[in-house]
Amino acid sequence: MSLTAPLRGIVPPVCTPLDSQGEVDTASLARLVEHLIGGGVHGLFALGSTSEVAYLTDEQRATALKTVVDVTDGRVPVLAGVIDTTTARVIEHGRAAAALGADALVATAPFYTRTHGKEIAQHFRRLRAAVDLPLFAYDIPVSVHSKLSSALVRELAEDGTLAGLKDSSGDEGGLRRLIVELGGRDGRENGPAPRFSVLTGSELTVDAALLAGVDGVVPGIGNVDPAGYVRLYDAARAGDWEQAAKEQERLVQLFAMVDVGPEADMGRSSSALGSFKAALQLLGVIECGDTAFPQIQLSDESIALVSGFLRAAGLTPVR
Amino acid sequence: MSLTAPLRGIVPPVCTPLDSQGEVDTASLARLVEHLIGGGVHGLFALGSTSEVAYLTDEQRATALKTVVDVTDGRVPVLAGVIDTTTARVIEHGRAAAALGADALVATAPFYTRTHGKEIAQHFRRLRAAVDLPLFAYDIPVSVHSKLSSALVRELAEDGTLAGLKDSSGDEGGLRRLIVELGGRDGRENGPAPRFSVLTGSELTVDAALLAGVDGVVPGIGNVDPAGYVRLYDAARAGDWEQAAKEQERLVQLFAMVDVGPEADMGRSSSALGSFKAALQLLGVIECGDTAFPQIQLSDESIALVSGFLRAAGLTPVR
Amino acid sequence: MSLTAPLRGIVPPVCTPLDSQGEVDTASLARLVEHLIGGGVHGLFALGSTSEVAYLTDEQRATALKTVVDVTDGRVPVLAGVIDTTTARVIEHGRAAAALGADALVATAPFYTRTHGKEIAQHFRRLRAAVDLPLFAYDIPVSVHSKLSSALVRELAEDGTLAGLKDSSGDEGGLRRLIVELGGRDGRENGPAPRFSVLTGSELTVDAALLAGVDGVVPGIGNVDPAGYVRLYDAARAGDWEQAAKEQERLVQLFAMVDVGPEADMGRSSSALGSFKAALQLLGVIECGDTAFPQIQLSDESIALVSGFLRAAGLTPVR
Amino acid sequence: MSLTAPLRGIVPPVCTPLDSQGEVDTASLARLVEHLIGGGVHGLFALGSTSEVAYLTDEQRATALKTVVDVTDGRVPVLAGVIDTTTARVIEHGRAAAALGADALVATAPFYTRTHGKEIAQHFRRLRAAVDLPLFAYDIPVSVHSKLSSALVRELAEDGTLAGLKDSSGDEGGLRRLIVELGGRDGRENGPAPRFSVLTGSELTVDAALLAGVDGVVPGIGNVDPAGYVRLYDAARAGDWEQAAKEQERLVQLFAMVDVGPEADMGRSSSALGSFKAALQLLGVIECGDTAFPQIQLSDESIALVSGFLRAAGLTPVR
């Protein structure tokens, strides 16, 4: 499904179900894709941080992306993360994703090395030139330890390098400034980058982000409750901000599941991704809730807490 | 004006006008207070970061606070920052502020030293016990380099230590979680801390914060355009979120003035506070736009840029 | 004792003993000064971070400094920390310290506010002009969250603003570069700042720092074992680097006492300063080992661990 | 050359010369290996940060490693960096390196994802089990944004998971503590991990590190002047610390070349690696001084500055 207009709506980062050997469970992944599309989402983001892309070998990445593309079968656009340290390596992932049928690429700034704005600009430009797919910049300082400046994003938006931004920086004020600079919530189509799409990864303030004028949302916990985010989105698009805020509050309560893992015993990634996968397993969507090695697995006690969060949010565990 | 109910509304952090010798210009400060109250604000926050409290001697702090309290004369509550490294020093500022007639205190976690959640809890509890005024916790990691955890704020809210939170952390998702935990946007009065007041310092996303359920806002650039923030607040309270967002967009454009100082030549504080004071000077509210030593002063070129931002936002410079 | 030549040798940051009410225990402080001078140290640094300066009121700071100056009585130079957020406040501390008889001042870059190299330069220059005492720059990013650049220190060393640097940055490579730029270990007296004194606060690598060419050392744990650091210094000055390293290893083992406080329960400051004070109490130097509020006090179990570290290092507790 | 004893001596991280198309220039790399071995180094570290590993595709990595292994031909051990985000990907690099003849592996903690000590321990253990080669932990917080704790390194040293540590953390005090805990400079062979090798990447304080008891050194600028570092090492081993310090000072002056790139225009990596490669090109060792895309290339003016640094350090450019 080619991206001929700005991407809009709910675009969850698709979890990658693993079997007990740590290999991609394609049957579970197919069910997850159906769960998401059935929930009404407007696009899918494969091989993002929530997909545990950093833990997957190139072969596993290909298996996961191919599964998502094949099962989706053009019903919604599929964005593919091309996450690696620098340009040459990212281009290889980009070519692989294009060959597998991705509709767009999502790339971060260089990481591991210390980088600079001028380098980042060259990086995105060469990637765009090397792979003929719409390109989204993925601003995720918690992972890459640099922040994309507003000036850089604008420059790359205005010259057509970027089709959009996936903002996971948590800097809502900065994102608001960018939106205003691009023409504001009502004037983007007449602004300097009319086809540029602004997506937020800030899943706890989606009502606010939509009020501010973002085009779409990439909510990790949207794996668990895609229909909830779609309702939130529809309420906002209809101008029913009270209803949007109410739905957001329910999802904030559900999101608290990310803290079920005891802090002293496991990393943030282990706990949050573990809770999402445990929820999907409890809901019967995926077979096994394991996260990729070397993440620490949730205990049975933690999984029981996840079950409680699901019930409290009106979702019914089947196991 | 005693704080008998949760504080609500627009509560600007009051700039401290200085004369060309660097001393507090009380006549200008009096005009600024009238400018703010005339703009319809619901409270004033003296001796905060935007007041350049870190640059003022104890005597200058007293002069500034006394002026704000006297000129306000009970029309709105006056909150006083008690900014210092640790408890004993903060208590001294708190006693001075109480003697000068402040209605509430605003204190940060300890800084300069490396601290810990248990120490921070003791810090706020002893301060509350030592000075009989409502106490607001000031969460400002950019200055104190620690973040108040949601659990800590809840604990101190529920046991009555804190009357409120002034959140300048920029963590909008975390603030949303706190609000939900306290009962949500519609149920706070029946929640675990019914009289607790949540104020945000995130001046670029005020519409969003009000939608999320904050009680009030502490906007630095509210010094320049208090009436704009009051209009934004009123629209939100009336449920007119489209209008609130529109007003917010105008204020975001105005806020861009904080970048007029060339980055290579001056600190963020010099540039942002310098632009606020230049704007107040251009608007005829204060006599001299200087910031406190050793901040770098804005050039004439930068001041001309500020003037342009004012006109673009519909404010008319008189000089 | 006026500082007419570069300061050299062991200059411990003097702990501030408190009584059980949290007030400065001047009798214990006098004993501590004798303990240090008796150990052969070459100077004393009062009101530094290890002195808990950030926890002391202005009155307590004055009491502590006066006691150190009076008891020292000119036998070694006394440096006084003038720790506060920005210039005007620091100058007030500087004037107070000069009046109390300090031989030199030690000041950090501005903190709490976000600062800039140009502001820091102005800050040190105005402070030097306002108080007629030799001035040391205190580079302590862990507290003030900015790093003094090598270029800035050189500029202020060469123009006579600074008499020296107290480096607590932990950046040993950067310090080595500075020393080389100033003429190196053997040519400083013919270099661009012949009277500039480089002091390190890196107490675990003192042999290395002396080999690199530092003039002196400010070791926190020198409160506990001043004679050990003096032996280390003397060995280094005599060119007996094997002996210096051996002494350093013994002191590294002793230093491990800073970790006796359980990490989950207390801040780094509480644990490290608590262990120093517990050791001084166990050695009979000070009456009470309490650290200033709101630091968490060491448990009896932790104090017993400190006692073990003392014995292992050949120091004999008397309680 | 199998590593049957603790690795000791100078082990430069080998630069990866590129041609003007950005491909590995194996002829230049072969000359560089001869330059290093001819300088007397005791080992080679291929595919480290200084080798621009983060910029090389898997195929380029293989070409570079194969060239180093083949040219070295067993004269010194060759360590291979296996730099990737998490365990499964790192194991793939490890197997490739083993097949190409590496004598040992060097791996970091997981990056891009947020990790935890327990995960890091699992990561190193599984890697060690999967590839039968001695394993060095690479502590490089500036790249991976977590620090290996001393307790973790000790645990993995004592149970035989790790053959050594390559410390690029800059925390010299922490490294000193680790060495003391492992038995100190004179007692390591009787300590808890007798065959564990401690290598430092802190190239400006090598004399100090050797005095503290490190086994070896991994100096980036050792590419340019390997013989200088070997002289430094030999002086230290002979106990001639004055001579070691003198040699170190000369190398510190040479190292200043890393700052020739204008800060506003390029990243730290571009400037430092660019200066190393420019120096190797000027010395006639490699054909082309380009760094990998998207790093910014040094200007002719900057290269002229590098030439001046070489001459000042007694090295003679041939171009």
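For reference, chains read A, B, C and D in written order, and residue numbers begin at 1 within each chain.
By definition in this document, a residue touches a chain if its C-beta (ideal position, glycine included) is under 8 Å from a C-beta of that chain, and two chains touch if they have at least 3 such contacts.
Remember, it's a predicted structure, so these values are computed and weren't measured experimentally.
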- Message: With centres defined as the mean C-alpha position, give me the chain C-chain D separation in Å.
- Response: 35
- With chain centres taken as the means of their Cα atoms, state the distance from chain A to chain C in Å. 49
- Once you've mapped the touching chain pairs, tell me: line, ring, star, complete or other? ring
- Note on the structure: Touching pairs here come out as A-B, A-D, B-C, C-D
- Please give the residue numbers of chain C that touch chain D in the complex, ascending. 170-173, 176-177, 180, 184-185, 202-205, 207-209, 211-213, 239, 241-242, 245, 248-249, 252-253, 255-256
- Message: Under the stated contact criterion, what part of chain B meets chain C in this complex?
- Response: 22, 49, 54-57, 60, 83, 85-89, 92, 110-116, 118-120, 122-123, 126, 142-145, 265-270, 292-296
